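Both complexes below contain chain A, partnered by chain B and then by chain C.
Our next item is the complex of A and B:
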């Protein structure tokens, strides 16, 4: 059996099931995040000096950290913080990347190519470094916006390159009397109708990783607010002796990214 | 082929010039300048003029010439990226091929999903945990390990950042390989070649494999981006002194000149990888054309 033959696309049903699992996972995480204040056993940041670095037990299912904070509660609050920020960042990446790319590709060819060139330069810099730069230029409060803007150039390039800029169809359509805005609206609706869910989930996965990594490096959430990246960074000092301090927030982060990747359909050898 | 090469060379030059302008804009943020947009534009023009004369300015942190500081740090990062790239190919190509074959593909798909969903800093910390507890390596993620270590220990300390970068590269390599393999499988020429009497093996070796490898090398720019991002995380987690680590410190201390030059270097590396990858892909694809 050849590699080529075996790499044919999966049956649509199995692909739908995988995506469905991803969306269900994201839905469950969204419900958990929305109810985090009720589910959590303690408010965010509540320390108990008598329970420092306790291993997971019935009292503290995820254990406690160096300050005696219940890690289950902290992970829930951190997940809420990460999820909310990542959602906003993903929205920015979709608008400034995918949507802008799809629109720019339909501008007059010289202008379209000029914009593609500028975005291509930005896309040649790792998104993580762009995020850190934008946060450094502004403030940590703007980390979600920075992560979304940093993810946008790659999304722009991907969306732009999907369109054949040399195609004459818009020219012919305009010659028949269809206004340019109607044509653009129709093209965008056609392009995004099928892909919006996949594009949104892909942006969510990318922004979550960028945002949590920036936080881990000290450029994201600002204490006392803690997202999962900052929780893992704080656990660096203790996790070699108390594994649960990093493992629980890391597991929550991996589950969030995994669900988003599954929902985006990034399992069939799609371009990373 | 000649016109293709010329087009790629133009793309490379335009990309590098664009990166110079971006670097000048970032560098101008740290330069004393007049108020308003015109003041800023004048500062950018000033920085461009200095760059054109080969003057990269000074590091605001150390006061050293920027090129000197970069020269001290960049070899370490380049070595880390090169070693990580080697590991990424060694691990990623077989993984991509195994992940592409029928039943194995289904079996390892969940594992690949989890691996690719793991943020790199989590993977780095997990590697350090395993190295300390299972292999008893002298690794620390909190303080730099002292210089007075035996050659064995030096190898163990150096290995983890390389593995971390290689891990990130391997994830991208296997995805690029699977993507190009799935595209190559859609070629309509396969049945025609069979009718001409070629065996499946011959078709795979002579026509499919070059296309798959062409797809992989065409992703060289994306692989380079992943390796550079990974270098930032690996240098930070394992306290390895390099340009990527310097970038984080430069932004934190508002050293915009150093920040601009490191970003420029990284963008150039990506453009060069893209350029080389496109040419290699073009050559391979021509070889595999039926």
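Our next item is the complex of A and C:
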């Protein structure tokens, strides 16, 4: 019996390739970070007063900064610390944003709408401002948590809106007494699980940018912490004379965010 | 005397797609004004034929053979090549051929303007004139709305007017009226036949149903697996003097029987659903009262928008009724809380012609198991046992259990709905246009699966359909609705023999094929 096949569209090959490149890049960065203590030529913060602002050379491939620290070592340590904080923040954003959004969509309609309204307002506030506000209310130590919470409203809204509570299959389920928890289980099993990779990568990119920007502006990490945003901020004084002092941590930051965005498929979050 | 040139000549046309031959050495000569019905199941090759003729062969299609329009040879694989004759395409409105955000009248006028090479204003005027010529009340003003706001029949009339305004030499119709309801199909086919007589265009109509050959007549080409099984005059093929496959195909298509005398089931069993003085919708003047007994089957018959689904929503307390009482399984649904009503609804199953009631993200097994897991605390082995038994009964046991619903065929999805209903062990099964969108053999199997479901598990059936053949196959009693009101009720066989209301007669006429019965009687 041959009847017409109704095949759902699979992700196009180009997107799969983009994601593959992104995840490979993130994997390489993770390996680099894990081996940073072995790859780095010097421990974090070790200064050599005789080698201040040295241009990139065979001795110092990324050059040295104003205090004579090897920038390659500093960038590796900074990448490790920024990456670890960003991962924690991304986890917070996923749980408080994506997961909570999927759950809230299946709550009783008035409650769901009220929560959606509040989170919609929060999502309209720039995440950086929210982060700074939360850091101000707590302490710099909580910057990764603050960045994750600040990224959560937008993730919440995306996840909430992705759940089609008025779909025909949801209507059918309600008509046959299937409880809302089963529908939530469906969303988490089939939709959230499917999208977890891109959701995590997108959250990682967002939180990395928020954290680094907050540190750059002086609201996040403070010395002697190794944070890429903080390193770029510290290079402001020497950047015009020694471009490498800012370029190296900035390049590391760009690579981390770019890989995360590629892993998310370069989209804004609707495609699995 | 010199022979006139045919409008279209196909010779040894072969289409291969994805390594499989979907159309195999197909030859056809079509003279101006001639009508040809290409009849067969989905995937028999008629879709490939039409897309090659329409000039939009898939990029994966390999097309060989000769294609001549009025003697001028064309490369059959030339994508969107402009043929030397004017070809119009009659689409099915249910295939969503329109952009959703633009006015339907504008979209139709643009098609006419492009085909005629005329300014948009002139095309709009042509559309208006074409609509005026068609019987009915569809006007350009009515069509000046987004497609989603118009019912499919209105859209179909707009499409027909658009085709007519193009004054084509050849019309290609791909299941143009499938699933629109028998009454609408009958009306639209009569309109198409009338326009064909007036404009004298040739027609190639691909279909899987009996109505087009019976109402349009002409030559019928029966296809199977890309090959022509046989061809001949519609009457001859339908009369029984035909290839075994053709006879089987026609036998599989539903037809009314005025002699069938199944015992009425309404007198059996205890009452399951009792409706007393129910006022629903805005058109009912008197409250509706009826009863459905356990194991009985009642069909709600009527055209789209006749109020059947409004009644269903009120009966099942999905929408509050103005007044009245609904008792399901000895419980008054209207006094229950949402939670309690939800518990009661576990004993109701739905099998619909819209496969959107299945979650496309779920797998085959998960879909069948979900009612068991949601409502009962059963062990994994028991759940698997029930699942396998249900899948075997609908013929899906051999499929990969992890296959996603979204990747299944319409026929498989429909049977999956039955399997899901079977494991729910419902007291009431609501069957809403269950055969919609299925080809002939799939319809036959689906009917048998549903009948088996009822016989073995004994749920009461509430069948919603606009097709008396479906009602007769699945139920013994019916209530006929028209414009939001109940106009007639009783045993189906009695209503078929002596309908009282004009609307009922129209519904019966829509599925009665006089040519077929006369031809069959003469054999």
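Basically, the second predicted complex is superposed on the first by the 238 of 272 C-alpha atoms of A that agree within 3 Å, B and C clash if a C-alpha of one lies under 4 Å from a C-alpha of the other, contacts with A are read in each partner's own complex, and residues count from 1 in each chain.
The rule we apply is simple: contacts are C-beta pairs under 8 Å (C-beta built on N, C-alpha and C of every residue); 3 or more make two chains touch, one makes a residue touch a chain.
The shown structure was predicted, so the numbers you read here are calculated from the model rather than taken from an experiment.
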Greater residue coverage of chain A in the superposed arrangement, chain B or chain C: B
Look at A:190 in the shared chain and tell me whether it touches chain B only, chain C only, both, or neither; answer first, second, both or neither. second
Could you say whether A:136 touches chain B, chain C, both of them, or neither, answering first, second, both or neither? first
With both complexes overlaid on chain A, does A:182 touch chain B (first), chain C (second), both or neither? second
Have a look at where A:172 lands relative to chain B and chain C in the superposition and call it first, second, both or neither. second
Let me test your reading of the model: by the given contact rule, A:253 touches which partner, first (chain B), second (chain C), both or neither? first
With both complexes superposed on chain A, which partner does A:52 reach: first (chain B), second (chain C), both or neither? neither
In the overlay, answer first, second, both or neither for which of chain B and chain C A:122 touches. first
Residue overlap on chain A between the chain B interface and the chain C interface 1-8
Give the list of chain A residues in touch with chain B in this complex. 1-9, 117-118, 120-122, 124-129, 132-133, 135-137, 205, 209, 212-213, 216-219, 229, 232, 236-237, 239-240, 243, 246, 250, 253-254, 257-258, 261-262, 266-272
Would you mind writing out the residues of chain C in touch with chain A in their complex? 41-44, 316, 318, 342-346, 348-350, 352, 354-362, 370-371, 373-375, 404, 406-413, 424, 438-439, 441-442, 445
Help me check something: in the complex, which residues belonging to chain B touch chain A? 14-15, 18-19, 21-22, 26, 29, 97, 99-102, 105, 109, 112-114, 116-122, 125-126, 128-129, 132-133, 141-142, 171-172, 175-179, 181-182, 184-187, 190, 200, 203-204, 208, 212, 219, 221-222, 225-226, 228-229, 232-233, 236, 247-248, 251-252, 254, 259, 263, 266-267, 270-271, 274
Chain C contact footprint on chain A (complex, rising order): 1-8, 167-169, 171-179, 182, 186, 190-191, 194
